[in-house]
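We just call them A, B, C and D in the order they show up, numbering each chain from 1.
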Amino acid sequence: MPAYNASELMICAAAREIADGEVVFVGMRLPLLGFLLAKATHAPHAVGVYELGVVREETAAAPILTMGDLPNLHRAAWLADTADVMGLLQSGRVDVSFIGGAQVDRFGNLNTTSVVGTDGAATRLPGSGGACDLACLARRHIILMAHEQRRFVPQVDYITSPGYGDGFGWRERVGLPQGGPASVITTLGVFRFDPATCEMVLSALHPGISVEEVRSKTGWPLKITSALIETPAPSTAELAMIARFDPQRFWTGAAP
Amino acid sequence: MPAYNASELMICAAAREIADGEVVFVGMRLPLLGFLLAKATHAPHAVGVYELGVVREETAAAPILTMGDLPNLHRAAWLADTADVMGLLQSGRVDVSFIGGAQVDRFGNLNTTSVVGTDGAATRLPGSGGACDLACLARRHIILMAHEQRRFVPQVDYITSPGYGDGFGWRERVGLPQGGPASVITTLGVFRFDPATCEMVLSALHPGISVEEVRSKTGWPLKITSALIETPAPSTAELAMIARFDPQRFWTGAAP
Amino acid sequence: MLDPPAGAAEGRRRRPGKHTVTSSKLVSLADAIARFVPDGSSVAAGLCLEAMIPFAAGHEILRQGKRRLTLIGPISDILFDQLIGAGCVTCVRAAWVGNVITGSGYNFRRAVESGALAVEDHSNLTMAMALKAGAMGLPFMPARTALGSDLFSTHPGLKKMTCPFTGVTLAAVAAIVPDVALVHVQRADVFGNSHAWGCLGVMRDACLASRHVLLTTEEIVPTELITRDPNRVVIPGLRVSAVSHVPWGAHPSPVPGHYNRDHQAFLDYRDQSRSAGAFALWRERWVDGVAQPEDYLDLLGEERMQTLRLQHHAFSEPVDYGY
Amino acid sequence: MLDPPAGAAEGRRRRPGKHTVTSSKLVSLADAIARFVPDGSSVAAGLCLEAMIPFAAGHEILRQGKRRLTLIGPISDILFDQLIGAGCVTCVRAAWVGNVITGSGYNFRRAVESGALAVEDHSNLTMAMALKAGAMGLPFMPARTALGSDLFSTHPGLKKMTCPFTGVTLAAVAAIVPDVALVHVQRADVFGNSHAWGCLGVMRDACLASRHVLLTTEEIVPTELITRDPNRVVIPGLRVSAVSHVPWGAHPSPVPGHYNRDHQAFLDYRDQSRSAGAFALWRERWVDGVAQPEDYLDLLGEERMQTLRLQHHAFSEPVDYGY
């Protein structure tokens, strides 16, 4: 079995969330690599949408680090205004989006705006960018983040990107009749949401990770699916693909 | 003095309503020729805006009959969406616009939608197009139309393009805080609006036309300015310019 | 006939199915219309106003005898009048219906005055905002226009509202989501990627708002020619349902890069539509007599086409999308 | 600091004076900033998101020591962080402020956490709609986003409203009308006519919304090169107040057709901004040490510029605007 690090595992898990032919609102960092991996493997007809006004059907001819890098514009299917691509999102034409966060809670609400430390002092973070829009308007969204106790809290300090609020029925009530987080991919496992309660449930453990470790790094009594599985490890082919898209291991990080 | 017809006189009168450097929302027919004449004479820096998404700073290289004719797109300053040019209008960046109508009333309200005959039967007309928008949103608008009693009525059957409604204060009240008709140029004379009452007032008589003729073709007791003047006749140079823009006399009509 | 609450509720809708980049969408115009324009459809057309009007696609609708259509567009020039004259249409949502160069649309007048046709009267701006709302997935958009006009009385998709921030009176315009948009473009690949240029009118928002987009195109080109200039794409291929290759498909309206406006055809149409009988003759010759797109070109004749082709060329400066 | 009622009322505004087609608007960047960016201005920048960020114009603001600015933009990448670090800014209206490739903006964090900087938190879509409202002369626009989020608590230009047609809950976003938009384009003439291509972000609406538009451009070209392709114009010349010729004026962000993103500059900036002291050194070298635009190129060095220039070219196919 090839060696891999947590980032590579998360990229592979993210790629598996994309079905062929889906329209994907692509973020930066690991989700971007997950999207490229999906297109290179099981989802060659997935279409990428980027908030700066880019729609791509073909993978960029050269590696990119940010969405505005010129290879990401070269041979795009559409270069338009942010409002035009946001219109695709708002009219329900985006199947899945990916977002990261500094803090997440048991109902999948995300905070990337401001966190309050144990000393009561607030730390200012960059803010929403497009994340709030993706969480409100994509047909489903996937959250990727590092799994640490300070990040997995019972209730986020600030809802930047709505998940299921305080549980079932909340989205409908506040005016978000569809969407919501489908899964959370962390450094420890993959989590999904109980359709009845909208609460986050441990669904897959990454190889070598124990339930106890996940519980100890989660700030609420975590529910676990009765059908807990192990996250499939990346294959050699997948790792080679990832290396092609991130040749300097800029986002993937140090080799294992 | 050169011979001219009523259309040529109206074109010259329309041109004089345009000041140099103004942004003009140009219609078709006589107003188009008036705009071109103004640019060729006293208003070389006037900018033309067309509702199909065209902004022009230079006169088209060949005569055009409709706004979408290719010479009107060639070397335009901007080809954009209707919403973009309507945004210029709605944000108060259009100084003056020109519209025609089938029916006008004493407060300058225009009807191009439906007129009711003396027998009570309604005749359907083409509708607003952009006229309603120009009447609502340009800083001022100029009306051009044939002067006939059935067209100059006390109250229009349908307000397609608002003038001053029922008089002073009406525009403000309905939500149109600025704009309104500045003048009406007809086959008989030029009319302006009393600032205190917003009622149409005869301001200039075309050469050879009597006050009595105007009164007999106006469906309400017409007020006349104390400083009534004669509309200046077109000069030879003006007529030559018009002939350049309408070489087939398509809009100008039969030569006098 | 008018259905504004539906229009208003239409702002959010289903995606019509997965997009497959590599499957050709190239079909005959007859097949495209047969498949995507069932009786009862709402059809947006004439979206670039005077230019690039999809006459060939409209005539195919007429030929196939579609019924109970709702037509949507800002100003329609004579295409709407033709479809109305053929009895295809029960409702028009438009700012202006007629013959741009001559004035009245006689079939339109007859249909309205006889009560056979319902009209939802727009202005160009209310139409633009209704389609923009549809494009953006919103149920309405505000505007400052039409206040004080009688459009409100004949247009249930138009209401007065108060700005939640400033308190001023505004017009609220309900979204319009056409079942299908018909657009004619200069060049497209077989997957629905295309370039369009010139005056764009409400084409972009109308296409983005519509459930299906049918392209007719002057030229079929390789995909790489389109993706070499992605800012020139007005509607992305993933939103296009069918592409048909129809040179001269917008005649007699003008197409930048291809041909000028055939003014004479519009002038002739005035007389050809003045009575129902004259219109039947026009239709027989110019629509029913055209079994396939090539027949139209024969009818037009090379001499006339030559007078309409561009006499002066003016090419854009290339731009570089390299890296 | 926040002034949303003003923002909301700004939807309609005065035209800043007659446009004269034939008078050159070409001025030095220093003159453009001195004249059109007085202390207290609201300044929109970073409107194409990661690309074509007007760094040279922003650095000139910094050099001239402008004060009490409000910055407006969707995501700002590091330009906003630099202006905040220099003490030019008292308010930011943005969706995201940081360093796109590394995360946090340290000057931004310090300023917010010390209470020196007010923030009106947007999402990219609320920012796009606020600027679109400004562009369209409207006091607000609706959106379906941000509902249920805490953006409403820190953003007085965001309210909940009920759709007048469907009754659904929507977000109402107050218009933003910047005093000035700073944009970098690929080519412009001396009158402010220009071409821009690539990802356009909110550039079009932000420019149309702003009272003044200042262009920096890679190239000054003849007017006829621009008017040969009027669909490539994003903001018409009549809306532009000044043009400055500043090659590499968007470095280290990328400019399609000219140069790639200088990732290393953004990575270096992380350390160069981690402390106030480090930032002072960065500023001394890269801003105060640049007396005129050419000095910046010397500082950058030909070798580095060569690595950033395009290695692969990909030219668009010309289109014909003839008649």
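Throughout what follows, a contact is a pair of C-beta atoms (placed from the backbone, for glycine too) under 8 Å apart; a residue touches a chain by one contact, two chains touch by 3 or more.
Please read all numbers here as calculations on a predicted model, not as lab measurements.
J.: From the C-alpha centre of chain C to that of chain D, how far is it in Å?
T.: Roughly 36 Å separates the two chain centres.
J.: Which whole number of Å gives the spacing of the CA centres of chain A and chain B?
T.: Roughly 58 Å, centre to centre.
J.: In angstrom, rounded to a whole number, how far apart do the mean CA points of chain B and chain C lie?
T.: Chain centroid spacing, chain B to chain C, equals 28 Å.
J.: List, in ascending order, every residue of chain D touching at least 2 other chains.
T.: 11-12, 137-138, 143-144, 168, 170, 197-198, 200, 204, 228, 231, 256, 260, 310, 312, 314, 321-323
J.: Can you list the residues of chain A that touch 2 or more other chains?
T.: 61, 69-70, 73-75, 79-80, 83, 86, 89-90, 137, in rising order.
J.: What's the contact topology between the chains, one of line, ring, star, complete, other?
T.: Basically it's none of the tidy shapes, so other.
J.: Got a list of which chains touch which?
T.: A-C, A-D, B-C, B-D, C-D
J.: Can you tell me which positions in chain D touch chain A when the two form their complex?
T.: Interface residues on chain D, with respect to chain A: 48-51, 74-75, 94-98, 100-101, 103-105, 108-109, 112-113, 119, 121-125, 128-129, 132, 143-151, 154, 160, 168-171, 197-205, 253-254, 256, 260-261, 263, 310, 312, 314.
J.: Quick check on the complex: what are the chain C residues that touch chain A?
T.: Going through chain C, the ones touching chain A are 11-15, 18-22, 134-138, 193, 204, 208, 224, 227-228, 230-231, 233, 236-239, 321-323.
J.: For chain D, which residues count as touching chain C in their complex?
T.: Checking each residue of chain D against chain C gives 4-5, 8-9, 11-12, 137-144, 157, 159, 161, 163-166, 168, 170, 172, 174, 186, 195, 197-198, 200, 225, 228-229, 231-232, 256-257, 260, 310-323.
J.: In their complex, what parts of chain A are in touch with chain C?
T.: Going by the criterion above, the answer is residues 20-23, 44-45, 47, 55, 57-58, 61-62, 69-71, 73-80, 83-84, 86-93, 95, 137.
J.: For chain B, which residues count as touching chain C in their complex?
T.: 28, 50-54, 61, 65-70, 73-75, 79-83, 86, 89-90, 113, 121-133, 136-137, 158-162, 165, 170-171, 174-177
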